[in-house]
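Here the chain labels run A, B, C and D in written order, and each chain numbers its own residues starting at 1.
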Amino acid sequence: MSIPDPVFRPAFNITRASHVVHRVRDLAKSRAFYVDTLGFVVSHDDHDTLYLRGLEEGCHHSIVLKAGAEPACERVGLRVLTEDDLDRAEAHFRTSGLPTRWVQAPFQGRTLHTSDPAGTPLEICAAMQTKPRRIMHFETFHGACPQRIDHVQVLTRAVRPACEFYMAMGFRLSEYIVPDNSDELHAVFLQRKGNPHDIVFVNNAGPRLHHAAFTIPEVHHLMYICDLLGRNGFGAGVEWGPGRHFGPGYARFVYLRDPDGHRVELFTNHYQTIDAEDEPIRWEMSDLNTSRWGTFPPDSWRQEGSAFAGVAAGRANTSASAREAAIVR
Amino acid sequence: MSIPDPVFRPAFNITRASHVVHRVRDLAKSRAFYVDTLGFVVSHDDHDTLYLRGLEEGCHHSIVLKAGAEPACERVGLRVLTEDDLDRAEAHFRTSGLPTRWVQAPFQGRTLHTSDPAGTPLEICAAMQTKPRRIMHFETFHGACPQRIDHVQVLTRAVRPACEFYMAMGFRLSEYIVPDNSDELHAVFLQRKGNPHDIVFVNNAGPRLHHAAFTIPEVHHLMYICDLLGRNGFGAGVEWGPGRHFGPGYARFVYLRDPDGHRVELFTNHYQTIDAEDEPIRWEMSDLNTSRWGTFPPDSWRQEGSAFAGVAAGRANTSASAREAAIVR
Amino acid sequence: MSIPDPVFRPAFNITRASHVVHRVRDLAKSRAFYVDTLGFVVSHDDHDTLYLRGLEEGCHHSIVLKAGAEPACERVGLRVLTEDDLDRAEAHFRTSGLPTRWVQAPFQGRTLHTSDPAGTPLEICAAMQTKPRRIMHFETFHGACPQRIDHVQVLTRAVRPACEFYMAMGFRLSEYIVPDNSDELHAVFLQRKGNPHDIVFVNNAGPRLHHAAFTIPEVHHLMYICDLLGRNGFGAGVEWGPGRHFGPGYARFVYLRDPDGHRVELFTNHYQTIDAEDEPIRWEMSDLNTSRWGTFPPDSWRQEGSAFAGVAAGRANTSASAREAAIVR
Amino acid sequence: MSIPDPVFRPAFNITRASHVVHRVRDLAKSRAFYVDTLGFVVSHDDHDTLYLRGLEEGCHHSIVLKAGAEPACERVGLRVLTEDDLDRAEAHFRTSGLPTRWVQAPFQGRTLHTSDPAGTPLEICAAMQTKPRRIMHFETFHGACPQRIDHVQVLTRAVRPACEFYMAMGFRLSEYIVPDNSDELHAVFLQRKGNPHDIVFVNNAGPRLHHAAFTIPEVHHLMYICDLLGRNGFGAGVEWGPGRHFGPGYARFVYLRDPDGHRVELFTNHYQTIDAEDEPIRWEMSDLNTSRWGTFPPDSWRQEGSAFAGVAAGRANTSASAREAAIVR
């Protein structure tokens, strides 16, 4: 596969994945899951919408939960550095033939709604209200002590177009998966912030959101949060793990399903990848899982994801995509 | 169920479960598993037999591995406090109609071979050579940093006779499992040393050894040892976990199979149970797993165990015992 | 030093150190420290007295805090196994010329007040009301997640008489400290429950209580509780540590002073010592601290302790006892 | 203090602090400290020079140890993204009146030697040979499991000029310390890679290197590495901690002195700071240590640092700089 030069300067600076906006059916239940159990901080609660952030986040929200009739992911949020970057981003998406629209989003600066070639509905802004980081507010720590959003993973049949589009915006490909002896992209891990991924695209019926991932401090938090989830009635929501990825990212993870089925990954570790000589790591199917232990992901993890609100998603072809998904981890 | 008075003074003092003696087919492989990976200390290696102890153990061995043609568990070791206790124990087993025989066992004092009503081949002694505890020898710590043997679990159809026999020797019943609204004993957890168990009997075809359990220091060791097992070629030996027991003992565990299939439990936590008012905890089937998360034990964990050398074991009736085993955890 | 035979059977069975009774000036402050910060569970609060237990304790209390004008330790609690043991204990103390008195103590069975040759005011009982163990009640875990009382340490000039008295009651000497080339006992570590100590006597002006020690689960709890103490206004109460003892017990510890100056040790690890061949470990001054790192204990730790209510204590001879105390760790 | 706009685009892209070059008197001792104890990986050893990297680093070295007669820090290494950035950097330093020189440095691409206004001898390159990341090579993990270099701290009287110079090169000021009601810069924490600091300047006699800091995975590694250092004869090298910073960075740290007195910080946590709205955090003296616990830093930590080879350093004015240094933490 031809990899663009990792060091070119894009016309605008997307800095990181920043938030997800989910529709949920019962805000009280979501609050019990995300706030009372996982330990997210409530930045704002206006009865229809709950704005949450991790303990170390100084920005207003990394999760927005809106009451709705049907669960769906409304938007994946990205940040650019400046208002000028935002204008350039708008121009870039527009001239790429993608829909763009300026909207008002609470607690955010000027906000661009657009979507990428995979169909992911995006929300991009350069500014957000700030809130106190809770780094030292130990008396408020509980649950998994979630620190911050790290990345999102999107299911799509358009892995290569998505990859090329994001790389053209300055994302670097940190790792990717291909079938043995093939250059067909099965999964791509793209980053801006200097660790393995801000956004991941995996070949499956889509576009759908597979998960949003948040860092937690240490491996004992991975085990403890499962215990607490069980105790608080969310034990069935522990979908996979605690375990270790034996492929891209190498993370120690646990995957959870929230009360509406939205998937959350909590993980503890990521390496730094900043230097130009860091080449994308190529994984062929048979490289994966070399030193694996533990259970394989359940079918739900392989096949299910959150629909994007208002976006038609292809249907998961169970037999085909299971085979593909099985490659991933 | 009628529970004997927990505070009577038995005629002799069995103090704890102390060791297991296993036959293994390839000592080099066993050493790679137990020593190079799990982190047990070699107390003696005479080419045919490997004597291992945990990092905190001052006694010579808690695992004895003997080269043999077929894998089997030869003996479960128990300790009594004094030579006088040992003589009284011999008399008790003999007058109970059980076979007794004095043997020479390397690195041990006078040693009694006998068996219990479940058919478990026992090896009892009052003394063992001592070795330096490695508590502060940090430069030798690695792998799971196993500290010491804690208990063994035996499969048998004779759960009630085994329970009564051990209680008559001063073992206290810490926890037990029965079917709903029944007093039929499905599993009994018996202890002498002040935490939940030294020996456990579970209803299944037997007698067979289900596992020997060793304490490790902290939950991060549970996760790390899996990573290391995977890396050292033993990933498939991670049979179940890391997880949490939602019934007797509450342990955070991982179950491993050694290269010969002998099962090892590593776990991190146990409560103290010393006071006379600590009543045995009764678990009915429907009480178990109330706040569970994570995978259920695989069939292998439910059905398989080490044969005892020279002891005919009943066959596991898969459908029946799977149902029963499913109760246990 | 002549060590009594470790395996004789005492006339009665003291099982363990069980609780401390402290006078405190402000129960609300004590509650903020022990309950809201350290994480002890309130078993009963009758406005004048607060009864606390650790997360894993099934007995009613391991700390009793009584409102009083002056801080003092009222009693050190020990448990015997049965009421019969209690009667035999009373006879033993009485015939040893020590004061004995039967009292009513809330939530306890028949309770004996007496004292040992060091002058430690003791409270001994065979029964206590039970409370649910919180082992799996994860939603109530916080702070240091204290599990259970482990031991107490008493300052006295009568180390040898105390040692002999407790050994005559079946306590085993696990470790002891002497000056180089001397058999003068500087400190003795005595145990009944199978780990290094239930009660410790150290040579200093006394009798005074140096500390009560509680186990906590893992080393991250040691670091976290300091952070939380600082945040909750108790940072100055972190007297020494987190650190490692380079002598008896080897514990990873932190020593705290409660709002009245009563000292609490939180620690994570202890080895098992049950077998008859476990000989007392002799530490000469120059053996201690061989592989030490970190700060030496502050003068407060070396010299200060809680007065026992109504018991005249010798004065700490600062220069002499500092020299002696310096030996200890 | 006037803070430059955080979002301007510098003329060249310095990406991160990348390595330190130290002169040491005895490479075997240094190896015992850094490799056998701390757990760094040897990338190359040519008898005169030892090249080390952390477990997660894909670049060839983050520590270079050269045999020399006197201990000194030769260079602090910075990385730029591209060769073009390197040329622009050279021009910038040169036109700023600073010495620049192209050198050959083993395992690095074209390398620029220069210095900053504080007098720090710098070594800047755009490329380094790569080595396998050890992320999953668990069998080689030991000691503190150091992951990667994070930042360096330099002592200088020229804090403000240094701050302005680095900000003019695109560094962002994440935190800074001033006396109460003053804008005099006592310490500045400057970053390029999105967490609190790549380079820190603190007011003291200089230029001298205060420390190089490396991330380690979890808090238990902080405690364990001290135990291992003690055991391996380096216990006196544990200078301060394990503890928590109650000011800039909030890190959980331990400070070590290597066999030549070079200071190493190991720490576990850092927050992400990427967004333009993240304003520099201002600490006045009286803000610091609000919720502190634990020992204050020893005088050595406050006053001592590594001389830079061939660079005259001011003398530490003990009384004045102790007062100043006391502010820092």
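As a convention for this text, contacts are C-beta pairs under 8 Å (C-beta built on N, C-alpha and C of every residue); 3 or more make two chains touch, one makes a residue touch a chain.
Remember, predicted model here, so these are calculated numbers, not experimental data.
Undergrad: Listed by label, which chains are in contact with subunit A and with subunit B?
TA: C, D
Undergrad: If you tally the C-beta contacts, which comes out ahead, C-D or B-D?
TA: Between the chain pairs C-D and B-D, C-D carries more contacts.
Undergrad: State, to the nearest whole Å, the distance from the C-alpha centre of subunit B to the C-alpha centre of subunit D.
TA: Inter-chain centre distance comes to 50 Å.
Undergrad: I'd like to verify one number: the distance from the centre of subunit B to the centre of subunit C, where each centre is the average of its C-alpha atoms, in whole angstrom.
TA: Measuring from centre to centre gives 32 Å for this pair.
Undergrad: Would you mind pulling out the distance in Å between where the CA atoms of subunit C average out and where those of subunit D do?
TA: 44
Undergrad: Going through subunit A residue by residue, note those that touch at least 2 other chains and give them in order.
TA: 136, 218-220, 224, 227, 230-231, 246, 291
Undergrad: Can you check the complex and tell me which residues of subunit C touch subunit A?
TA: Within the complex, subunit C touches subunit A at residues 136-139, 142, 218, 220, 224, 227-228, 230-232.
Undergrad: Report the residues of subunit B in contact with subunit A in the complex, numbered from low to high.
TA: Those in contact with subunit A are residues 218-220, 222-224, 226-227, 229-231, 233-238, 242, 244, 246, 252, 291-295.
Undergrad: For subunit D, which residues are in contact with subunit A within the complex?
TA: 7, 15-16, 56, 58-59, 79, 81-82, 126-128, 130, 133, 135-136, 147-148, 193-194, 217-219, 246, 250, 269, 271-279, 291
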